[in-house]
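Before I ask anything, here is the structure I am working with.
Note that the chains are named A, B and C in the order they appear, and that numbering of residues resets to 1 at the start of each chain.
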Amino acid sequence: MATPLTPHLDRLLPTSPEVRAIARELFAQVEHLPIVSPHGHVPAQWLSEDQPFGDPTSLLISPDHYLTRLLHSAGVPLETLGVGGHVLDEAGSRAAWRTFCDHWPVYRGTQVRYWIENELAGIFGITERPSADSADRIYDALCARLAEPAYRPRALFDRFGIEVLATTDDPCDNLVHHEKLAADETFTGTVVPSFRPDRYLEPGRPDWNTLVDALGAAADTPVDTWAGFLDALRARRRYFIEHGAVSADHSHADVVTVVLEPAEAGRLYDAARAGTATPEQTTALRRHLLTEMAGMSVEDGLVMTLHPGIYRNHSSATLRSFGPDSGHDIPMQVEFTRGLQPLLDRYGLEQDFHLVLFTVDETTFSREIAPLAGFYPSVYAGAPWWFIDAPDAVRRYRAAITDDIGFYRTSGFIDDTRAFCSIPARHDMSRRLDCGFLAELVAEHRIELDEAQELAVQLVTDIPRKAFKL
Amino acid sequence: MATPLTPHLDRLLPTSPEVRAIARELFAQVEHLPIVSPHGHVPAQWLSEDQPFGDPTSLLISPDHYLTRLLHSAGVPLETLGVGGHVLDEAGSRAAWRTFCDHWPVYRGTQVRYWIENELAGIFGITERPSADSADRIYDALCARLAEPAYRPRALFDRFGIEVLATTDDPCDNLVHHEKLAADETFTGTVVPSFRPDRYLEPGRPDWNTLVDALGAAADTPVDTWAGFLDALRARRRYFIEHGAVSADHSHADVVTVVLEPAEAGRLYDAARAGTATPEQTTALRRHLLTEMAGMSVEDGLVMTLHPGIYRNHSSATLRSFGPDSGHDIPMQVEFTRGLQPLLDRYGLEQDFHLVLFTVDETTFSREIAPLAGFYPSVYAGAPWWFIDAPDAVRRYRAAITDDIGFYRTSGFIDDTRAFCSIPARHDMSRRLDCGFLAELVAEHRIELDEAQELAVQLVTDIPRKAFKL
Amino acid sequence: MATPLTPHLDRLLPTSPEVRAIARELFAQVEHLPIVSPHGHVPAQWLSEDQPFGDPTSLLISPDHYLTRLLHSAGVPLETLGVGGHVLDEAGSRAAWRTFCDHWPVYRGTQVRYWIENELAGIFGITERPSADSADRIYDALCARLAEPAYRPRALFDRFGIEVLATTDDPCDNLVHHEKLAADETFTGTVVPSFRPDRYLEPGRPDWNTLVDALGAAADTPVDTWAGFLDALRARRRYFIEHGAVSADHSHADVVTVVLEPAEAGRLYDAARAGTATPEQTTALRRHLLTEMAGMSVEDGLVMTLHPGIYRNHSSATLRSFGPDSGHDIPMQVEFTRGLQPLLDRYGLEQDFHLVLFTVDETTFSREIAPLAGFYPSVYAGAPWWFIDAPDAVRRYRAAITDDIGFYRTSGFIDDTRAFCSIPARHDMSRRLDCGFLAELVAEHRIELDEAQELAVQLVTDIPRKAFKL
């Protein structure tokens, strides 16, 4: 009755027998190498407290907007999935799991299907395909596993082979969980914070004044002047660096940058604080602040990463009911060449400055990102992100940039995930795709086998370590 | 002497033997399934009157701008092809056919070549390749076929296995041919109209006032007020629904939408009617009207389809001599994420609202359309349209969206054609490409064979029926 | 110890055995056909003077920004590579060569790797892979070759099988080297100039007045009026045509065109000459001048080629130290449909007008360029240019346009290179990729083998000859 769930050993590898053979050989080299995860969204608290995960739904479904949005598009109300603080009781949790299993076909062909299938089979030992019929059996099996010590966060962290895990944190965060982990001799992994100051850099937000005040308090620095505000940012960056941070992440609607005279920036800051700044002025200040952040990265060495071009919270009704990150952030066109010119003109040639460009607008890979990374020693072409962290899109990324800049100007893979259990599946997917791509290059005699062998390993070791200064 | 014309049984299937074997098996399931054609441009009159088609040129060449434009670009004057009302006599028709056959190489590698080859061989039993030498023999053979009863519109309709055919009609059309077909017991097919109100929604057109008057007359509704105008539109939609319509189609230069206050919309309507509206105002009114049409779709259930981003009538000299739809409509960039936000914010979560997004700007598939369709239950990712309804582009479409939204958020294939005889070839092309794509997913172990088998059938049955509420 | 350098006979051909066999057969037809190079940047002086090339670095590295930019992005200072007039002595030249060889891995997977590997092996007989270890041996071997008569420019020209080579020249150039070559009976090749007036068409440049004066002097035509300026341009175009030119090349930031009334154009010209024109006015005049150039092409028959959409000199510090063309030109989005409408509306249907559209924005291939070339007899879809003259990008180009316009509306390959020795490798790459693409079409039964055979040859003979009126 049950349909087996058996991820194939050759999944995602090229289908042509000659090329697949090369890809297999390359993948065998890297399949079990440790995971370097320099950008993601797993809460450090999970690892510091090491509490057992709850039920399968609250672990695997509710927090994963990749997964809930497709159910929503199929007509499933988000509240029945426990999204956005709609807490489910045991019956609700089981019902959500049934809904998910019943809708298994909606994931056919998707990245989510790839990940979840590999999680269920690879981590939890599930052997039958999700369906209305198998839902309860799988739910019960997952509950049983999650009660075992081997399924606690730290045990999984070890089992996943994670060497470095970066989290994403608010500049005001006291990083207590990172501190606890660092001080805990029983935890041998590395978990580092990342500085994510977006909200503080958007003077057009209605809550900006409150945020700036909080930043000043966290930094113990008066923020009544432009210089004080910059100092507060510097202080919090320093605090993050002291706690192991290697990067600062930025995600605004665009990557347009400007360079304002300090006096002008000060005037705009004062106006924004006084609530008298026009939208044009708050936008100009935000764009100048991105340049300032590059300057601070030059000073303090934090790798600067950009994740632009998302229309956040597209559905206001969904935002009201379920809060942000509930599956309705939608990509937009983005422009790097002109937008980043002021920033790069000022800092692009600086020694040891690293600027990693991510995008969900694939058109920029061959047109803008690769050409920039192929000239500026500071610029790295970031791995495909979010909607395009997916098999065919990853292949398009490699095909779009490799002709132009090869492999050493790229960031290496980042999983960027809140879904802790998807980390191995995501890295597995990336490794398979990269080995497949390298195998194609070998089969077309564009590189030699020994070069591909070296590259396959470097793509999961040296290359991310260099880009993120690990 | 004659070169044979023999479309290969494996045409368009993957070339790798292992993958081709899977694709063949999938295609065998769907090759002969009935055709569902929920959007196209075949005149209902052809079927209602069932007159024999004329000569080969007036059937296959003159009305098909896909075909005439490439001849034009090769230097052939459009008037010699019978384009835009330049009626050809028998000698002219034969000469045009010779020109076409003589230029057969210009179609090498194109979608048009695929379609016409399959029409000639599959429908008309032509067995030699078009060329200067074979032109007259083929012309004579076609004339002989077209004189046979088996080549009348209804006989072909049956032979093509068309289950549902949607036409595209002006809101003022009385739909007499649809009525006749519905009343005719000897015709067992389904031919439904589609509501296409573009012209009436563009207050910037010089002839808009005349159009609005005609709409009011057709609806028997006074249109001297904004409310009256909306009522007239509602009335005509109702009339179409009573005649079987399931969708309303919209094609403007962009898909920017706005929501105006009713009083403001009324003021703009009055100004537009009085001829005193500025271009900004008529554009705002057009954009608001698109939102209104979504609202009416929520009310009356018509599926809303969007076909934006075309620069119509690029060459004014060609427009003067040959009228619209003469091959010089050129795609432009289009933007959905911001443009549709006001409309979707108001109606995107409404029960049973269907909004199908088509595009000729491929960059929007992975960046905008799939992410929107992956969240809003109302949004469907439309099949590649017009210039990109072509083998490699269709593959890019599947590769661009499937990673993200799988198959069930897509529209299914639409042929969108005026070329009646190309309908089977177009659906055949789509089925082959989809089976090939599914076969690749199976061969890469991304889905299982049983899933691909189910999907191959659903893609030509349930999926278009659901998107278009058939 | 040495790793061999042996470009494979099947390099870049499809990897599937069945398809590769077809591709091999097609490639065998064209591998040794003469080279037609209708657009490039080799100095005519090299051929007219036929002096031995200098050291390997000044021949192969310093002038090739494709190659130096990747070294720069890897941290190598441009001055150590002899870029931008930083002349190297013998030790510096050898050191630069060592740096290049030591950084050989940065080119893995790139177009540059493909070219340079084929140059080293195919032209210079180098048999070991560049590396820190082999650098000096290769350098010495290259020096020895370059001292031989067989490695002088004209000998290489013959050995490369170049039939026609177009250079790119300033309108004020007296074309003395072209004259000498034409008059030299011992030189049997064809070397023609191309008219490249960009600088003279940009009234917003600070040095524009000086340039216009120089143009007037070169044309012996007073340029104190708009009519005089146009006459001076016409005169220089005539001079170029008399020296064999077949095309005029244009590369501005965008391809927006306008049509100004002559009186208005005159007013803007006078204001620009007087230094009183606003930026909007100089931009309008530049855009009108592009339309004027199309008009002159209609008059005098020069093929008009467009290479738009590059942000020139992105790094001002690099520009100051190393001048233009030093590797930091970065592509931007470009728009053709609306931008070229005024120009095409005026001249697009003119007999014998040829307008070849190149782009580094791949999104325009299927969306704009192919649709334009599929209607206007004047428009040709140019081969992928610069950053996208690379294996995967070339495949994307063919896949993006062939569905729509086949092969006869394309320009044929152009190498666009300053790197003389890369010409055979570049044409070899293009031929392999085109044969591979044709083989795929045959294997998918989209065209027949005899058609592919004819096309493979036409793509390197008739097609570029027709587009460039050779």
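Side notes on the structure shown:
Just so we're on the same page, a residue touches a chain if its C-beta (ideal position, glycine included) is under 8 Å from a C-beta of that chain, and two chains touch if they have at least 3 such contacts.
Protein identities per chain, from UniProt: A, B, C = Uronate isomerase.
This is a predicted model, so every value here is computed, not measured.
At the chain A (Uronate isomerase)-chain B (Uronate isomerase) interface, residue numbers used by both copies make up under half of all numbers present, so the two copies contact each other through mostly different positions.
It takes 120 degrees of rotation, in steps of 5, to superpose the Cα atoms of chain A (Uronate isomerase) onto those of chain C (Uronate isomerase). Distance between chain A (Uronate isomerase) and chain B (Uronate isomerase), defined via averaged C-alpha coordinates, is recorded as 39 Å. With touch defined as above, residues shared between interfaces to two or more other chains in chain C (Uronate isomerase) number as follows: 16, 363.
Residues 16, 18-19, 335, 337-338, 341, 344-345, 348-349, 363, 366-368, 370-377, 379, 399-400, 402-409, 440-441, 443-448, 450-451, 454-455 of chain B (Uronate isomerase) are the ones that touch chain A (Uronate isomerase) when the two sit in their complex. Those residues of chain C (Uronate isomerase) lying in contact with chain A (Uronate isomerase) across their complex are 3, 7-8, 10-13, 15-17, 69-70, 72-75, 105-111, 113-114, 311, 314-318, 327-328, 330-333, 360-363, 387-388, 390-393, 396.
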